[in-house]
Amino acid sequence: MIEVKEPKKKIPVVGLISGMLTVSKYIFKKPVTVQYPEQKPELPDRFRFRIFLKLDDCVGCTLCEQVCPNHSINMQKVDRENPRNKRKIYPDVNFGTCTVCRNCQEICPTEAIYLDKEFETARTRNSFTYSPEELALKENEVIK
Amino acid sequence: MVMPSSDWVELNFGPQHPSMHGVLRLKAKLDGEIVKEIEPVIGYLHRNAEKICEMTYFNDNLIYFDRMDYVGAMNMEVGYLEAAEKLLDISISERVKWIRVIMAELSRIAAHLVWAGAYGLDLGMLTPFFHCFIEREKILTIFTEVSGSRQEVNYMCVGGVYQDITEKAINEIEDFVREFPKRLKDIFNMLMKNDIFLSRTKGIGILDKETAISYGVTGPMLRASGVEYDVRKAEPYLVYDQVNFDIPVSYKGDNLARVLVRFEEMRQSLKIVEQAVKKIPDGPYFNPKAKKSLMIRMRGEGDVYARTESSKGEFGVYIVGDGGVKPYRVRVRSPTLRNLSVLPELAKDVMIADMIAISGTLDLVFGEIDR
Amino acid sequence: MNILLRLQELFSPLGHLASYILAYIFESLFLVIFVTISLIVMIYVFRKYMARVQQRIGPNRVGKFGLLQLIADALKLVGKENILPKNRDDLPYKLAPAMVFVSLVLAFTILPYGDFFYLGSFTVTHSEVTIILLFGIIAIMPIGEVLAGISSANKYALLGALRAVAKDVSFEIPMMLSVLAIVMMASARTPSSLSLESIISSEFLPYGILEPIGLFVFFISMVARASYTPFDLGESDSELVSGHSTEYSGMRFGMFYMGMFGSIFLGSLIVSILYLGGPSGPLESSLGFIWLIIKAAILVLISFTVWLSMPRIRIDKFINFGWKYLIPIAMINLILAGIITLGWGL
């Protein structure tokens, strides 16, 4: 328990001037902003944004669909030979509602669905939903 | 000359107004420059979070709690997990407790920094805002380092945390603890040495002890009114009983007291983080009982209420489980809603400028009020 | 020899009257260009200064180091649709921004600028009563703000206008009182004590040194007149959205914006002319213009620092401050000035 103290009374203008000096001393410090498109920010190792899918590893267990809090993940039928995925269903992701909670990555038993650092997903598009095949591709390879 | 109440001008402040944090709408009745009556109107950010929580799994609910007090998300997660883990009967290791304390306190600093910057803007000061956000960005970088996201972190989960805290993150926290006080002092000086700032805050919006208690005001606002109450001390959760810190109190109850209490809280939080980083023990970061595919199979029965001290005040979560995988009912006691409810009492017969200055000290975050 | 006479010489084949009219027109044009360029430079410097104080970089996209940013902004404002409120009072609504801007430019025509190397001075108005003219024109600007607030049929704007009136009344009297002190002191040494030029040329020390209290009062009045942060009561953005300019858009808003920055520059120029010796400097007299600009630039930077580091004062506190402190201080200053004048006269 400590009682906070009010600042001491001073001669009026002195405080104003010292406040002005505190403000203006930062003019000699370096700017902290990053010039984004030219200069990429240094992202921490664990930074994650886009969801990727390894089609060969996916077993179609629908756990990611169940755990997704926003129902951004839906299972789609994909005609693809994969002995581990008998039902031939794979998740698609609607990035319009995805909150990047990473629950799908946590729950996936085969580590087929995972998130990675790629975050520049802005482009002209018709839909925010990535089909399973598109989820398997790198961002610059996906064409909408 | 006293104007009859029929001649009062009715003016809407908000929901789109530069100084209404988020989407508060204040219906004010003005007699010239004097605010005669004021009625807060809320609900513009209502997202039905409590109802949605009944439709998702216990563990998934965390993302909705992140979005309640979005400036200090870790505190909300701690609050929810205190209740959920009690209900689901899942214990957490000592290491997890310490990690959660570190994150909650960093989050408290981040939330108070947003408030300090925005309060400067409320009073017309441009510069402290940027300095606050520069420091906040460092905290958010630490959050990214441990969790992968900046603001809506979703770092904690039932039974622990998703990813263990790294050595790099601990180094970053230590750097932050070392460098932050310098900037905090500068921000503090920018505000407190300024006579105009003092004249705008001192003796304005006095909230006395009885009114504060009767309205259910908690957090820094209550402590600024002279009630020495903090859930971290009164009913320690996690490991708050093992760290050494003080809770700042002021007996003035005016704007300045609230400002000072929040600044002192930042210093105390820093003290807690400093100790916690040194004391953090080894151990598992996850209770295997709650791991992986069990995330959607945890069942809880009964009802639980848990309270924690968020950056805004006492944050309570009440969960009822009917034995299913999803909660039967989730109810949140939002501290900011109670703090807002005292505004009509405070902003009576004050100037418009004071009304803004008072509503700034309430530290309103609308994700939490409207839910 | 000043620019006006040089221009008149140039046009002298056209006859006496025509050459003077042409010379005045060209010189006024020159002055408008000077005001525009100095505004652009000032807004650029302000944005860069604000950015550096807040550890940002500031404008750096348009042109080298963002030098063309303001031109781009001005083009954007010109290109924008002018949204007019439905219940406006049409004529005052449209007149108000022009009033603010035109009176600003007019005020610049009255100041004595000092010599600039062989070109000479480009002072436009040569009159015996420039001080009265100057403060007469300065008094027009707040009327524009009040008109804007009342005519745009918006409660925020109306409150802004009411505040602007209350503010103007409380700072203009101390401002004039402190100017009166200067005129009084100058009258002991020069017969034409209402002319800015003779006030400057007759001083043996800058008036700011002789009467620091007057400098203080006058500087505060100039801050209040330009209405930036400690005293931006008329358009306090966190209380009244944007005060009197709430309903304005496009270039009309741009005029208010430039009016504010212009007022800062104008205020700095007036303070440096009246109190800091204006164009007179330690070196040869042909550098007068440069000295004036340097003094004004320092004052502008101080103004920016004030702007960036202070919160807004409450309206009743400001009126209290104006009537209970500034006016008595200005009166004391007047008495002191009288004493100094007596001593000076001896």
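A, B and C are the chain letters, set down in written order, and residue numbers restart from 1 in every chain.
Everything that follows uses one rule, which is that a contact is a pair of C-beta atoms (placed from the backbone, for glycine too) under 8 Å apart; a residue touches a chain by one contact, two chains touch by 3 or more.
Here the structure is a predicted model, which is why all the values come from computation and not from measurement.
Colleague: Please classify the inter-chain touch graph. Allowed labels: line, ring, star, complete, other.
Modeller: Topology of the interface graph: complete, with all chain pairs in contact.
Colleague: Looking at chain pairs A-C and A-B, which one is connected by more C-beta pairs in contact?
Modeller: Contact tally favours A-B.
Colleague: Roughly how many whole angstrom separate the Cα centroids of chain B and chain C?
Modeller: The computed centroid separation for chain B versus chain C comes out at 45 Å.
Colleague: What whole-number Å value describes the gap between the mean CA coordinates of chain A and chain C?
Modeller: 50
Colleague: Whole-Å distance, chain A centre to chain B centre, using C-alpha means?
Modeller: Whole-Å distance between the two chain centres: 24.
Colleague: Two-or-more-chain contact residues of chain C, please, as numbers and ranges.
Modeller: In chain C, residues 53-56, 308-310 touch at least two other chains, as defined above.
Colleague: Of all the residues in chain A, which ones touch at least 2 other chains?
Modeller: In chain A, 16, 19, 22-23, 26, 32 touch at least two other chains.
Colleague: Counting only residues that touch at least two other chains, what does the list for chain B look like?
Modeller: 127, 131, 134, 190, 194, 196
Colleague: So in the complex, the part of chain A that touches chain B is made up of which residues?
Modeller: 1-7, 10, 12, 15-16, 18-19, 22-23, 26, 32, 43-48, 63, 66-70, 99-103, 106-107, 109, 115
Colleague: Using the touch rule from the top, collect the residues of chain B that touch chain C in their complex.
Modeller: Within the complex, chain B touches chain C at residues 9, 11, 17-19, 30, 32-33, 120-127, 129-131, 134, 190, 194, 196-197, 199-200, 351-354, 356.
Colleague: Quick check: in the complex, which residue numbers of chain B touch chain A?
Modeller: 56-57, 59-64, 127, 131, 134, 137, 141, 144-149, 152, 154, 157, 162-163, 166, 168, 186, 189-190, 192-196, 198, 202, 228, 246-252, 256-257, 260-261, 263-264, 292-293, 295-296
Colleague: Where on chain A does chain C make contact in their complex?
Modeller: 16, 19-20, 22-24, 26-27, 29-33, 35
Colleague: Please output the residues of chain C touching chain B within their complex, sorted ascending.
Modeller: Going by the criterion above, the answer is residues 50, 53-56, 155-156, 159, 162-163, 229-230, 232, 236-241, 307-317.
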